[in-house]
Amino acid sequence: MKKPLVSVVMGSDSDLSQMKHCAEMLEYFGIPFEITFTSAHRTPEKAASYAKNLSKRGIQIVIAGAGGAAHLAGVIASLTVLPVIGVPMKTKSLSGVDSLYSIVQMPKGIPVATVTIGEAGAANAAILAAEILGLKNINIKKKLMLYKKKLTNGVSRKALKLKKVGYKHYQV
Amino acid sequence: MKKPLVSVVMGSDSDLSQMKHCAEMLEYFGIPFEITFTSAHRTPEKAASYAKNLSKRGIQIVIAGAGGAAHLAGVIASLTVLPVIGVPMKTKSLSGVDSLYSIVQMPKGIPVATVTIGEAGAANAAILAAEILGLKNINIKKKLMLYKKKLTNGVSRKALKLKKVGYKHYQV
Amino acid sequence: MKKPLVSVVMGSDSDLSQMKHCAEMLEYFGIPFEITFTSAHRTPEKAASYAKNLSKRGIQIVIAGAGGAAHLAGVIASLTVLPVIGVPMKTKSLSGVDSLYSIVQMPKGIPVATVTIGEAGAANAAILAAEILGLKNINIKKKLMLYKKKLTNGVSRKALKLKKVGYKHYQV
Amino acid sequence: MKKPLVSVVMGSDSDLSQMKHCAEMLEYFGIPFEITFTSAHRTPEKAASYAKNLSKRGIQIVIAGAGGAAHLAGVIASLTVLPVIGVPMKTKSLSGVDSLYSIVQMPKGIPVATVTIGEAGAANAAILAAEILGLKNINIKKKLMLYKKKLTNGVSRKALKLKKVGYKHYQV
Amino acid sequence: MKKPLVSVVMGSDSDLSQMKHCAEMLEYFGIPFEITFTSAHRTPEKAASYAKNLSKRGIQIVIAGAGGAAHLAGVIASLTVLPVIGVPMKTKSLSGVDSLYSIVQMPKGIPVATVTIGEAGAANAAILAAEILGLKNINIKKKLMLYKKKLTNGVSRKALKLKKVGYKHYQV
Amino acid sequence: MKKPLVSVVMGSDSDLSQMKHCAEMLEYFGIPFEITFTSAHRTPEKAASYAKNLSKRGIQIVIAGAGGAAHLAGVIASLTVLPVIGVPMKTKSLSGVDSLYSIVQMPKGIPVATVTIGEAGAANAAILAAEILGLKNINIKKKLMLYKKKLTNGVSRKALKLKKVGYKHYQV
Amino acid sequence: MKKPLVSVVMGSDSDLSQMKHCAEMLEYFGIPFEITFTSAHRTPEKAASYAKNLSKRGIQIVIAGAGGAAHLAGVIASLTVLPVIGVPMKTKSLSGVDSLYSIVQMPKGIPVATVTIGEAGAANAAILAAEILGLKNINIKKKLMLYKKKLTNGVSRKALKLKKVGYKHYQV
Amino acid sequence: MKKPLVSVVMGSDSDLSQMKHCAEMLEYFGIPFEITFTSAHRTPEKAASYAKNLSKRGIQIVIAGAGGAAHLAGVIASLTVLPVIGVPMKTKSLSGVDSLYSIVQMPKGIPVATVTIGEAGAANAAILAAEILGLKNINIKKKLMLYKKKLTNGVSRKALKLKKVGYKHYQV
């Protein structure tokens, strides 16, 4: 198994049902990754030492999913100069607006690259990581171009089906 | 000078114009305190060692003011079992809703005692600290009771003035 | 049975499914408490006399859960110098944003220590109470440190499990 | 001077610049009123005895203006069966959304008749009071009909002016 | 059957499941009322003639429930000098915030007495109507005082039950 | 089959359950239309050439449904001088507020005619298209007037039924 | 002077500073228009008769600007089958979110074509009207195409200037 | 002058006062960049060809600032596999919440790396770009580490100053 280039981390195992879409997408692009739980609030010291050692271990990009007062991405970003991607988890009471504001509104100096709330964001974090790695890895870049083409073809194929069966009989 | 019981901390000196209302109120109650800058994002390690040493140094309560993706209170709370009071700073783009959600929506296990957004909250954090310290310090408790009476009298005095001069001539 | 140190109060029995997480957490820390219903709007006089007698009865901390135009915590805070912790209930139409604003945005002079919306907040209110009581009770403080360790270990254990079974087979 | 039928009350003299629009409108309708400060949080007992004595003193309607965690209208409503009109004050950090939610989202059983945020709401509270009093006082009802006509005529007169001078030269 | 004093109106029969709580509460207070559908948008002329004839027909108070861009209460208020109570319906996409803003934010001159979003607001509209009618009808006023007492007793009875069975066995 | 006058387009087949209400309403008015999928993000070039060719193909009005960061309507509007109607899709995390802001807040110069969030908006987009086409097609205009009458009659018929069966037995 | 094709209407002369951008843009496109004040709330009957006579008078499109509980566009739309464009005015307390929700969230059956909040929306309403009129008036359509080109050229010219002077010396 | 690695683009010259903080920060890190105006709505074809040629011209990262219905970042992201960073501009009516939702809520497949609203976000976009480029350029990585140290030292120096002069005399 290859050395991981991306580290996927989340605060709680209740985030896994959303964050698994990130892991699946990384696999799709053939990007070696590690996936673990670490919490800015429940394992602060482990989170800190984890963040400080990322670079040494050859990790290139961190993807952090957290919900509510979602500090994980910011805490990691404060301790590394690697790009950190934050995924705001959909939450029960505020639907993820709390997660979004807690992740995106970082102060000047410590950016977090924030993506869509929830599952779609988890997948998009992986694609964003692929875009970054694709800057120096032509294989990943090619896969991204193929993925884009696949997206395009998917819409076209569905459009054809819609034309054929009509909107009343179209099955999603 | 007495050993500080309360530590007032904020992420940036741009927060001081709001947080000074906290310091003034602590002085009003005669509570010895320290006040400093430490940032969850710009000085993460200092913030962590600061949080871990609070208890040893005899600090009883932490008051943390931060704005935007406001992680300071939560980061400190993760590293101490002292009560942590969070003050959401009023911000330029989102008026402090971002700060509020980032501070109050902590996950189960790591509470932050959140108060009003902005100046009023900074003062209230100090009063809340006085209420906590007042549980074992009868002098502070008495001062709190006097302060409440002063608030009551202030409203009554203003009501009398309003009655006397009428609403058209009342000067705030 | 020991004399209660904490009073848990809520406006309606429809809040109990959320507030029971507070009671359970207080039991976990071995903190004697009382739990009752009293409403700022439906039993205003009882709420007032309740608030005024808290201190005499030896109560140290009040935890008040309310939803919507949630006035209970503020009303109690206006009549006592004990620390008052407010828990914003998740609500049907506005998901608890109404409760949150009604509890946290107290005017200068009368703080309410506000925690997370809903169940997590109910539990956090109890932990915050433990942190306050832990300032003078070394047993509670020790339990808090153990609880933090338990949280940390819980995340680590789950991280190990994730490593072992992989994200595809992990069962929450 | 006539016995007041309406009581206008607000939590703080900082609310007066908004609430004076209420007093002016009551004067316009010739409705005798009293105006005072009383605070749900700073003068809770005075607010309670005030609320309980309203009916005895011949007051028919209460208009309560408050901001932030605005409990005044709800606290009064809990202690009287008179109609209570709540005016949400415009606030510094949340622009009055906090006041609005704290006033309007009352639980089943204790209504508050909530009006527009800010100055316009203060004036509307007075008009709503006039509408209620107009149910048994034909003079007030006639004044209301004249006021409506005046509003209508005002718009028509402005429309004529706009037609005459054109939108480029119209001065508000 | 008595001549109706209150008119309950709503824009659509999909509002009836919420607005029936208004009708039930009016019945509880023995207030004769009529209930009908009329829409500011689908039956504008009927709504207008309805609004203009309310006073002649002896109606004293209008209660209007509407959702989304909820114009019904405002449209009626523009054509009568009777007090108009607006009930913001809970909606599918925006949960009733749209209804609330559309009803409460009326311009200076044309107030709508706005109550809680949804079912609770429907019931509260009826109680507010009772409070207004109670100003000249001592029977309704007495019923309101009994209702308040019933609310108080209800909470007390539940508090006793909670004390007896404990929070773990309490059944709502 | 007639040449389409209206083009109904949406970003994804997951939007079809909402957008079909648009197609049904266009059929109701007898307006020939085409319906297809094209995505501002997944098929950008197809979307662009589609937008640029609309006018040539005789299309008069575009109806675009999209959700989240909903760029489809704006992208089409940037490439045509035909009127573009945008339908904000209801979304999972933010309920369609994200879609609404992304569609309605267009910069000066490039309008999008935005309608209600979700199903109701999809139907309304079709009616708005009918209103526009009705400016030169008297048949469509007549159908609109009949449709309005039908709406009016529908409410009146329901009001009669409510009167007859009473609110307790009314079945929606 | 030509017979007006577009009617620009607003609820209050305080809206004129925003709505004049609509008038200016209509002049730019050479579209004859009338502009007036009429209020859904202060002149409801005039607004209704105005709405009902629009079609007879040869008006093709209505542009209605209103703020707060902004019912004007909806009220007009309920009484005409002409396309109605709604412009949400920026407001003091809620910045126009109240206006936006009150205008855009119309029920199924009565659409309002909603544009951007404030000045930009006022201008966009005029452009949207031009797009609709352009469907049968080739001159207006050509002007729209020129306007689009002008927008494009404006950006290109500014981009050239930026390239020449550099971002540090660029004057807006 | 070196070939640009980063392309900074914004929709309008009114965005430059916020986006210049991005340019300054890129200069600080010695990263060659180009800066230009291109609009998703006013120059859609130029924006598209610009996006499609980025990779060929050796650009590695795009930073796009836009406000309101902010489609620029998404439109570029749809046409390139380079990482796209979106900066939500602070806006007049909705303070940038509209920009934020329009940029961050991208559908699955087309990520945009979103940063803080306004000036701070513009600077953070540049730092994020530096973090990405630092993955293969050790000089940039070192500069990032120095920058972080400078941030840390800045806070420490201010903390010392605060300690020395006291909070009452501290000048920001």
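Here the chain labels run A, B, C, D, E, F, G and H in written order, and each chain numbers its own residues starting at 1.
Quick note on the criterion: a contact is a pair of C-beta atoms (placed from the backbone, for glycine too) under 8 Å apart; a residue touches a chain by one contact, two chains touch by 3 or more.
Please read all numbers here as calculations on a predicted model, not as lab measurements.
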item: Cα superposition of subunit B on its sequence copy subunit C - rotation in ° rounded to nearest 5; value: 180
item: Which of A-C and A-B has more C-beta pairs touching across its chains; value: A-B
item: Centroid spacing, where centroids are CA-atom means, of subunit D and subunit H in whole angstrom; value: 47
item: Subunit F and subunit H: spacing of chain centres that average the CA atoms, whole Å; value: 36
item: Centroid distance [mean C-alpha coordinates] between subunit G and subunit D, Å; value: 34
item: Set of subunit F residues in contact with two or more other chains; value: 12, 39, 42, 68-69, 93-95, 97, 104-107, 109-110, 112, 116-117, 120, 148, 151
item: Chains that touch, pairwise; value: A-B, A-C, A-F, A-H, B-C, B-D, B-H, C-D, C-E, D-E, D-G, E-F, E-G, F-G, F-H, G-H
item: Subunit A to subunit B touching residues, read off their complex; value: 11-12, 39-42, 44-45, 48, 67-71, 74-75, 77-79, 91, 93-94, 97-98, 101-107, 109-110, 112
item: Subunit F to subunit E touching residues, read off their complex; value: 90, 95-97, 116-118, 120, 148, 151-152, 154-156, 158-159, 162-163, 167-168, 170, 172
item: Sites on subunit H touched by subunit A in the complex; value: 21, 60-61, 81-85, 100, 104-117, 119-120, 123-125, 127-128, 131-132, 134-136, 141, 144-145, 147-148, 151
item: Complex interface listing, subunit H residues touching subunit G; value: 12-14, 16-17, 20, 23, 35-39, 42-43, 46, 68-69, 92-95
